[in-house]
Amino acid sequence: MKKIRVGIIGTGFMGRTHTTAYKNVTNIFGDEVVPELVIVADVVEGAAKAFAEKYGYKRWTTDWKKVVSDPEVDLVDISVPNVYHCPIAIEAAKNKKDILCEKPLAMSADEAIEATHIVEEAGVITAMGFNYLRNPIQSYVKELIASGKLGRVVNFRGMFDQDFNNDPEQMHEWRMLKKESASGALGDLASHTISLSQYLVGDISEVCGMTQIIVHERPDPKDPSKMLPVENDDLVQFLFTYENGAMGAIFSNRLASGRKVALGYEIQMTNGCIVYNQERQNEVQIYHHDDDKRERGFKTVLIAPGHGDYGKFYGGAGIGLGYADQKTIEEYHVLKHVAERKPSEINFRFGMKVMQVIDAVLESAATHKWVSIEKVK
Amino acid sequence: MKKIRVGIIGTGFMGRTHTTAYKNVTNIFGDEVVPELVIVADVVEGAAKAFAEKYGYKRWTTDWKKVVSDPEVDLVDISVPNVYHCPIAIEAAKNKKDILCEKPLAMSADEAIEATHIVEEAGVITAMGFNYLRNPIQSYVKELIASGKLGRVVNFRGMFDQDFNNDPEQMHEWRMLKKESASGALGDLASHTISLSQYLVGDISEVCGMTQIIVHERPDPKDPSKMLPVENDDLVQFLFTYENGAMGAIFSNRLASGRKVALGYEIQMTNGCIVYNQERQNEVQIYHHDDDKRERGFKTVLIAPGHGDYGKFYGGAGIGLGYADQKTIEEYHVLKHVAERKPSEINFRFGMKVMQVIDAVLESAATHKWVSIEKVK
Amino acid sequence: MKKIRVGIIGTGFMGRTHTTAYKNVTNIFGDEVVPELVIVADVVEGAAKAFAEKYGYKRWTTDWKKVVSDPEVDLVDISVPNVYHCPIAIEAAKNKKDILCEKPLAMSADEAIEATHIVEEAGVITAMGFNYLRNPIQSYVKELIASGKLGRVVNFRGMFDQDFNNDPEQMHEWRMLKKESASGALGDLASHTISLSQYLVGDISEVCGMTQIIVHERPDPKDPSKMLPVENDDLVQFLFTYENGAMGAIFSNRLASGRKVALGYEIQMTNGCIVYNQERQNEVQIYHHDDDKRERGFKTVLIAPGHGDYGKFYGGAGIGLGYADQKTIEEYHVLKHVAERKPSEINFRFGMKVMQVIDAVLESAATHKWVSIEKVK
Amino acid sequence: MKKIRVGIIGTGFMGRTHTTAYKNVTNIFGDEVVPELVIVADVVEGAAKAFAEKYGYKRWTTDWKKVVSDPEVDLVDISVPNVYHCPIAIEAAKNKKDILCEKPLAMSADEAIEATHIVEEAGVITAMGFNYLRNPIQSYVKELIASGKLGRVVNFRGMFDQDFNNDPEQMHEWRMLKKESASGALGDLASHTISLSQYLVGDISEVCGMTQIIVHERPDPKDPSKMLPVENDDLVQFLFTYENGAMGAIFSNRLASGRKVALGYEIQMTNGCIVYNQERQNEVQIYHHDDDKRERGFKTVLIAPGHGDYGKFYGGAGIGLGYADQKTIEEYHVLKHVAERKPSEINFRFGMKVMQVIDAVLESAATHKWVSIEKVK
């Protein structure tokens, strides 16, 4: 058993979700690594205090600097708005703290590169909160692709569509303004698809994309009689090339009528195919070209023991995990990486590469040209 | 805020699952009702002690009688093997404790009737652990049927199929012996379908069924070179009539190759149809005959705010609940019923009626005749 | 090349469908067997004449006896209402004509038995128009079951649901009266499911069923202000046992909101499972328990060369057959059986057994008891 | 009744398919327009003669010029390899014959433009053999989009994937050489998706694409020990903009393991969504954002009376059409356009626009840039 002392910054949806996940880690994974909830920070005093009491953090503060410098903290958990991710992470690294940071890593690729260099030089363990990668099905898909049984990847087609903003009467949000969020659907949704794409297939080296605003203004939530402009992409689509030569494309529409959590992909390979959609997060479609000629077909495989960590939850296939369980798996692995001082694959450098793709797509959309992605050392 | 003090009996899979659920109740539902974990019992001393420490129960014991008589306990949670359900429940009722009991309620309809009469006379709140009924989708389906929008039910076709026992080499289990478990697939699996059927449509009044053993003997887990007999049904199918005149049928095969958690139904109504399968627990198929003639079709509806308690978990549709979340919902409602002194719909009487159907099917299979179900006062 | 001379009786939907199929046989199957359209009969003179002209029959008549006795006719095609099937078939057999008869064979099991004995004694080739059995996918399923790769059948669950009669305002039809049609959904729809069941798995030996009328009266099409009674089953469900010991059940609802041509089954086997639905007639779901543990799942197999006669239509999988193509396959095989003097598996005896099941279900529903099916020599 | 006299050129798969379709037209659509099969041409004398005899053409010839100049011919049906399409069409137009031409119209956009101008000046009726557009479901989708009920289109995502060439050992084909077929998957498969896209949504004005050869050489069918180069795209993907401002993308992989006839699309609209795949050609998925909030979901709508010409085939929904039925519908409409002297929407100009998109994608792939499509008068 190894104890990891956690300091968390942020008490919103993600702060709660991470905390609940920490509390569930030992229920599912036993006592190998045990989180100890030490301190929570929130700029709103009442929020910090109530959160500490409700979830059992020993201390609370309104100053995140007290968390990153707390000698009793091993792991700093960054669950605040995007604009604070890198500044906090850099400070945490200076204090030699390990870091779990929510996605996206930064406001731009440049900021992400800088932060990555700093944490790498500091030698701290880092991890990104790309929870969808933690679905045990993705672990299995990654393994299946790597096994070569389905040949090599030739085409990745991915998307993340949602319709929560479908009604034009729906209120304006901060994430629709450029200075608060450089991109819209691209950074908010497609970033997950990019992460899946790079996690499963490899790094992207060149992109060509286009964006569109569908609803140009929305009511100001403070005064719905006034309209505020929507400044970034409701819809994005881009083609890309992987370093390994395969081709791909990603779509995202945050006004996609009918799609709720349609984060998914079709991975076409030379000897098979894999299809996934987060709306049915407990199954995956797999096709083997080597099957008997008269019985070739896409198989609907339900989540099962043998797929990543699923067996830790249930002994039988198909019992079904939910969104929250992905976070429990994520937090377990982060704690384990910290305990074992082993780098995570889903670290700051991984998050940095996602940011590079996002920035390249924005540049491509602005210039109407293909844009290469530089290889960062 | 109202505190409910819990004493739990049993530390196996269900004991753990209930306890984790109690701990998640306030994360999801806020502070309306707050469980306080008081005491845990297990015949194995080490198990009781370790469980208390891990989950934060204040006390532990090896004697369940100390739980049912503990003056600090409001709610007795019965998570032990079936044979102990009624004896413990009866003792708890005598001590005026409210009760959450895992399914099935009893070893036979007669035992269930007796226990039901005792708890009702004692005036305690009771609830059964039919967790699948707690899926917010079932709340919505119940509401939709009751609304009359789809007309009236004419045919219910349900099943619960699993293939965990598919391999004949798989070890023998206690649940395959008649004295430990009167029925096989019927009581273990089909009981869930019966509960869904009665919860959604109404009480069953007459049945005609048949059972079959598919694999007649299995290796003794203590000495796999020896074979032990399988004494109860691997496979069961029965027709039935509801009191309201509708017809139905239920199937269950515990060796159903390919089915993992195939608990489901098709409910045919005079003006629509509803189809559900637990393997895709976050969606339901709904058909409205009143739709435009050229656009009639089964709709795949993803779980959404407005379906039971789903909105307490997530603000957006389709994010997805898992098995464990059903138990959190269950425990919340049990605590609330206790706090408000309001009877639960899924109480001992409900569990008793499920037992009556099971016993009637067994009798029908044995006599090769239709069997009526008596109305118990 | 062998010519088979056809005389057809009936010019309704089935007469047209059979004739179009005869004309397509050589387009698809080449010149192995070539139908020659000799004579058509219809009680309505104008209909017979117009039909002969349109489709190229050499002669026409209003008297079916002229068809069954025509010396130039080899094959008598019976495409008239059910009540005339046996009388015509018996006459045709007396004239040593081979026979293709639309389903159902007879008005009752007794009539079917009599007709079967007569045609068998006459030594003529007979075939029944159970077109759904001619889908190349059913040929493959039959072969797959027989191969033993999926073990043995333990449970067949089938249905045929349709909603063409869903609206209570819809007009009354002759088929809703007992004297014109002994049963309703059972004979009209479920008969197809019974035929699939017996074709794929084996003969049924015992049944227990129940029926229900959902809409008790409907407007008289001649005077919609008057209501006529519905006398036979809108809804039927029955359990059964196969001679080989497997169990099964069949459902049919002719007012099943949402179901259009929902003729289907789930065949549970000891080592696999097969699922089919006519609404997706170009695909079948197959599960192999022997697949790799982490990749077990139901495969959606599209119709492909290697499935029955599909390869005669198209060289590639999934191009898709329609309803009419099944009839082309049926007529080809009937002609071939006639040409080769080989008995068809889907002959009068086969049709007789379907009638026996239907009558047994009616008796069971009337007596509320299990009913055995006698083995006819 | 109006007779249209047909002269066909080509006796391969398409010649047979068109001829069978002509023969089925009156079976399905009655006697409104009646094709008369006059003359067939094939360079191989035996083929022409046998075809004429088998299908009932009055005359045959080895010289296509005799068909286009035959005074008894109204409609010239061009069912020969692509390279002959335009030369024959131009000659037919000079002879004032109406024309049905198989797709693609030409070998290049330039050739297509020239041919289009010639036929338009000649004032003849023209039609292209894009049979997939004739599925009654596409008629309904077109109508539904035009109705505005689902708002306006914002994103079209289409594909046509097949795996008939998946095995690298499979023989080389003429269509893999540039001089015989400028493009591969793009012209052969994606052209169908482009046609659907322009038929349903509107004209494409700008594209950016990329192509890839996956298997670089294949065995020479004449001498499998030798390898021949594959010169055109196995895989293509491109983004595009519609003139109406909507965005889209199309994919095609002729080595797409698992896909058989995966011609499909997802059309995202501001108030709904439509999803189609030819592998399930008798159904379409439709989503209405205006549905009750708790019952929003994609509806699986089976083909039904009210969808284009389906009602001419069957009175009930879901009975199911096959590939051949689309050709019957196509030929009926071509004959009708000829009879009524009304221009078809799927005419040479339509085919020309598809060719323009194809050529623009090839240019874009070669130059690695966005390419505009000029508006041809």
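Note that the chains are named A, B, C and D in the order they appear, and that numbering of residues resets to 1 at the start of each chain.
The rule is short, and it goes like this: a residue touches a chain if its C-beta (ideal position, glycine included) is under 8 Å from a C-beta of that chain, and two chains touch if they have at least 3 such contacts.
Small disclaimer: the values here were computed from a predicted structure and weren't measured.
Colleague: Quick one: which chain's Cα centre is the longest way from chain A's?
Modeller: Centroid comparison gives C as the farthest chain from chain A.
Colleague: How many angstrom between the C-alpha centroids of chain C and chain B?
Modeller: 42
Colleague: Could you state the distance in Å from the CA-based centre of chain A to that of chain B?
Modeller: A distance of 36 Å separates the two centres.
Colleague: Would you kindly tell me how far, in whole Å, the mean C-alpha position of chain C lies from that of chain A?
Modeller: 55
Colleague: Two or more other chains touching the same residue: where does that happen in chain B?
Modeller: Counting only residues that touch two or more other chains, chain B contributes 283, 296-298, 302, 304, 317.
Colleague: If you connect every pair of chains that touch, what shape comes out? Choose line, ring, star, complete or other.
Modeller: The chain contacts form a complete graph, every chain touching every other.
Colleague: Looking at the complex, which residues from chain D come into contact with chain B?
Modeller: Within the complex, chain D touches chain B at residues 140, 283, 286, 291, 293-302, 304, 306-307, 317.
Colleague: Residue numbers of chain C touching chain B in their complex, please.
Modeller: The touching residues are 150-151, 154-155, 157, 161, 163, 166, 208-210, 212, 214, 235, 237-239, 241, 247, 249, 251, 253, 255-259, 268-273, 287, 289, 296-298, 368-370.
Colleague: In the complex formed with chain C, which residues of chain D make contact?
Modeller: Where chain D meets chain C, its residues are 16, 20, 23-24, 26-27, 54, 162, 164, 260-261, 278-283, 302, 304, 313-314, 316-325.
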